[in-house]
């Protein structure tokens, strides 16, 4: 179906159900319960899950398939974001041109950087991409302030021309990004007993784009082109003795992943019309590497899971403070309660980076295939044991 | 451009280059011997700096007496802190000891850094010799985050001033020594100390590798690990020691750097990216390349920050290192002094 | 008519003259064996044909076109395929994929952005790969990961990767090394069959004289970087120079 | 972080929505309730409590400032709910606050981490608004973050009470109807500093500017240049330094040979600590130039920065929004309740955050609603006293507070580890007031979501 094999179609269906029902299962705890803090089903975070999912899927097409480790992909996300905000400022508040143009701009940007960086491989390639991204970041935050808004970031303003919508007269409010009048920030809420679910327009637009992005990724993975990319990773030299020039293949993969990053950047500004320079910093590039590896390099759903996990940590785990800890352990005797809080304190709240660092180390040491690799290993072991028992 | 302005920036570059070179030296040593890409190396530099902070804290560890004649900000009797060191050795000697905290921290940092290095290698890095470079980068990157978060939890996020000894405060009028007007080429004493210190460490590392049997075995191991292993030499143990030495070099670079820039928890990450660029520009695994590239990039960075240059090309000071890296890597694929085939796919 | 013309090829590595004025003519549709003692320069010569090495001087012409100074993938696209001595396969991919890659390269050229057609819909290429694997007795191994195969199977896979491209010139670097006697005989049959049916030109480097004399139409003997004899197989056996080269190289 | 067992923090029980509209489809059957447009404005509190969002840097370079801001917020919440000694509530000229929360609702709060990045700050503000139902967002320790979060609050329709942000842009070209700033700005720093610099250093000085290469740096350089040039100083050069720079030696080294006799460091936070350290190392503080003593000026000072720079700050002029050594009743009350709770005096960041929280609560009381438009109206043109800065006006045209500005100097002989700055002059508000139009920008109209 849709040109996919049965398994791939089921995988796409799984992701479809996952993103469609996310507002429901991301809020597993009833409102007001002690664990409501762990609910993640609010629009901003859900948007982030899918947008960074798109970013990571694209990154995985380069890193997972060809093995080229780019430390500069955040630059494409940033370039896409800037292009997107400019579209919202100059053209129309409708998000479609913003998303399309940001993808194209990131694509052009990645052709240039990819063409130069791919002249080298291994860590030399990584350093070249890192250097380009750091240059983009440094310039965007300073010299390019007229174009990028500098360190404050680029925002929409009352006086923007918006030639298709007509400019605002200075009074009133800046229009919110919308899809033919349907504002991205619009939500419907549903109460079921104590549970509360929020269905947000922006989220479903992003989720729809994620599905397309995921579908395209499956097609690429299963295509002759995808196989060539895997061959690049496996044995670059041999590929050229087989009559294939590896460089156009890697460049194509680089540009595709750059366009995915630009698409993610475009969606980000469609959800929230601000583009900040630090989006391009090398740590932001590092983050997508971590997402991909945490989830499982070269697997289809791994990057999406990795992106979700990291964003969950950043937004939920970081908000646990001592008061909450005391509430949770209130049932224990005082001494033990305080002891538990003291033990856990360094790892939550503002210490979430520490937990993240430790988690990476554990995943890399014990689960080289990432979470998906680990899970499928577990599944295989259980399955095989069962079949042996029969 | 005046000659004096030129010389001034060369001096500044030497100084910055010293720090780059020392960090890159350890980084490339670890890569050359163990084949490991260590993203936690910047963290070692940072920990070294915090060795100086810790020693300063120990030395200024105080007991509190209440001074009834003065009041604190709440109108209560002022708490006066007296360091134990002053109590034990008398005020003058005690203050002198505190004053010399940074040089003393060298002695403190060497064993600490060696131990940290050994522990890191035995506990973590050695399990990654056979793993892909991406895994090494990730696990050491994770370790770097963990280390810097621990430091932040203890020392806070703000910078902590660690002054140089009184004797080194002030600056040398270098210009007058070579016939310029006074006040034209000025160079702080501590930066002179830092440069000399860096040269000594670099020379010591080279001499150690060049003239000792240990060093010879390690160099042979860098060239061909398996063959040396076949000779029945326990190369692993030596590599552990090399890791410790690389950690100590980074740590000492950090200790001595504290009076130049007050340390904070993310200084390691700040230096990490640049030192990687330095190593790659110098050629992965090339010790001489790392030192050379460190100084070249340091001096380039200094030139790019001159007013005349920035006015000519705005923003060049922000990007010059990366620009240089791109140009060098495209012109000389394996860096300045790199060997063929190292770290390519 | 000659398929490959090698004229005056020299290659030095530092102080070592690896190839010394090598001249070679390979006729179209023939199987040409290059033999010689270890270190005679056989593999070096082969490397000069596929662009892995560039000779210091001399010419290598393939159907009137120079093979020097062009990229390996261009040489391959010109119709020269090489089977490597130590298996150079895509070890993370399946056996079938390993064979489909060169087949696709043959059909699509050096680059084709074929990113949306599922691999399994490439029925023609797939069938061709399976046919070649069948010829080599590997039809039951198509879904194995290449890395997990025995060394002999990897050699056969190498051969399949070369054959599937239907090259004009096939370079075989010790194709049967590491194979059992039965597999070796099978390989000889396959090569013989292909040579006869498609009129494929081949150059074989081989130590196994059984293979050489079963296959070769013509033999060049290489010693110390230079061709000392080139002749039909029946004349090589008794040649004094050849015996000298093999025995003389020993002391 | 305090570890008192009775949480000030209210467990989050209530969700709200940005914009509700009629349900379009029914899912399942039984206990489903679709929300309809039951809210008059974004996050309208329905229960017995109200949630404020404290968005401060908890990680990154300004984490210590952020921690101090958070302490001040916790203290303010305690005081609003009637706990503690009431702090500045008793000295505040408006007596609308009764110590029973805001409009009778108990004040709860949630915290977020800005990481000193506009993106991250907006994300955490969004999550506090969307997930936790925060009705007001406050905090921040840099102008980039303030401008970004202010924009967000305008879009979703909640009030933003800026924390430490000094750039002219916040209430200048990027001002928003829903955003309010108590802190002073670059223009005021320049206007207050210039006369003092003139008095102490003379009016024929030659200044060399080092400026952090981002928005705040630009506005500060501009402000100080304009006001010093107006009194006769000459600007020899202005060099931009990267925000990520740590070693400023190559920027500082050429200063002495440039013919300048004053160095102005338009740097904040770690940048300022490092550039000042470099400048002192290169002997600039003891140098002579043009027959005068060489001088260094730091337009924006904070005590936490002074702590980081250590000995180097002695005798160096700068400006600050507030300092704990002020002797007015309000300041003393604040220092007392803060000092007794935490054991050290509050920073200027803590002060401005505490004041902003009180001002917001007071405005709600006076307006009789949490509706952002009502609150904004109550704040616009509001005149008050007793919050540590003397008589203050929240100007209606740009939502900027106008009050006295402190010119301070690094103290030569500190008596304690907190006693790092001494107040040289309290410049009256009238001297630093400017026309609201000079920085451009449009407030727009208030948005209630």
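For reference, chains read A, B, C and D in written order, and residue numbers begin at 1 within each chain.
Please note the rule applied: contacts are C-beta pairs under 8 Å (C-beta built on N, C-alpha and C of every residue); 3 or more make two chains touch, one makes a residue touch a chain.
Since the structure is predicted, the reported quantities are computational estimates derived from the model, not experimental observations.
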Query raised in the report: What is the identifier of the chain with the smallest separation between its Cα mean and the overall Cα mean?
Result: A
Requested in this report: Count the C-beta pairs in contact for B-D and for A-D, then report the pair with the higher count.
Outcome: A-D
Report summary line: In terms of mean CA position, the chain most removed from chain A is C
Report summary line: When centres are defined as mean Cα positions, the distance from chain B to chain D in whole Å is 35
Query raised in the report: Between chain B and chain C, what is the gap in Å from one C-alpha centre to the other?
Result: 53
Requested in this report: Please compute the C-alpha centroid of chain A, do the same for chain D, then give the distance between them in whole Å.
Outcome: 32
**Report entry** Distance between chain centroids, defined by C-alpha means - chain A, chain C (Å)
**Finding:** 47
Query raised in the report: For chain C, what residues touch not just one other chain but two or more?
Result: none
Report summary line: Expected list for chain A, residues touching two or more other chains, is 138, 142-143, 353
Requested in this report: Note the residues in chain D that touch 2 or more other chains, in rising order.
Outcome: 59, 63, 213, 240, 242, 244
Report summary line: Contacting chain pairs, sorted by label, are A-B, A-C, A-D, B-D
Report summary line: Counting only contacts in the complex, chain C reaches chain A at residues 50, 52, 71-73, 76-77, 81-82, 84, 88-93, 97, 100-102, 104-106, 108-122, 161, 165
Query - For the chain A and chain C complex, residues of the former touching the latter - result: 3-5, 219-220, 222-228, 230-231, 233-235, 237-245, 248-249, 252
Report summary line: Residue positions on chain A within touch of chain D in the complex are 31-32, 34, 36-37, 39, 42-45, 48, 138, 141-143, 145, 150-153, 155, 157-159, 170-174, 176, 183, 185-193, 196, 198, 272-274, 276, 278-279, 315, 318-319, 321-324, 326-327, 338, 341, 349-350, 353
Query - In the complex, chain B residues that touch chain D - result: 4-5, 8-9, 11-13, 15-16, 19, 70, 72-74, 78, 152, 156-161, 163, 170-171, 183-184, 186-188, 190-191, 260-262, 264, 266-267, 270, 301-302, 305-307, 310, 317-318
Query - Contacting residues of chain D [partner chain A, same complex] - result: 1-3, 5, 7-9, 11-15, 17-21, 23-24, 27-28, 31-35, 58-59, 63, 110-113, 117-120, 122-124, 126-127, 130-131, 143-144, 147-148, 151-152, 154-156, 169, 174, 213-216, 218, 240, 242-244, 442, 444-445, 447
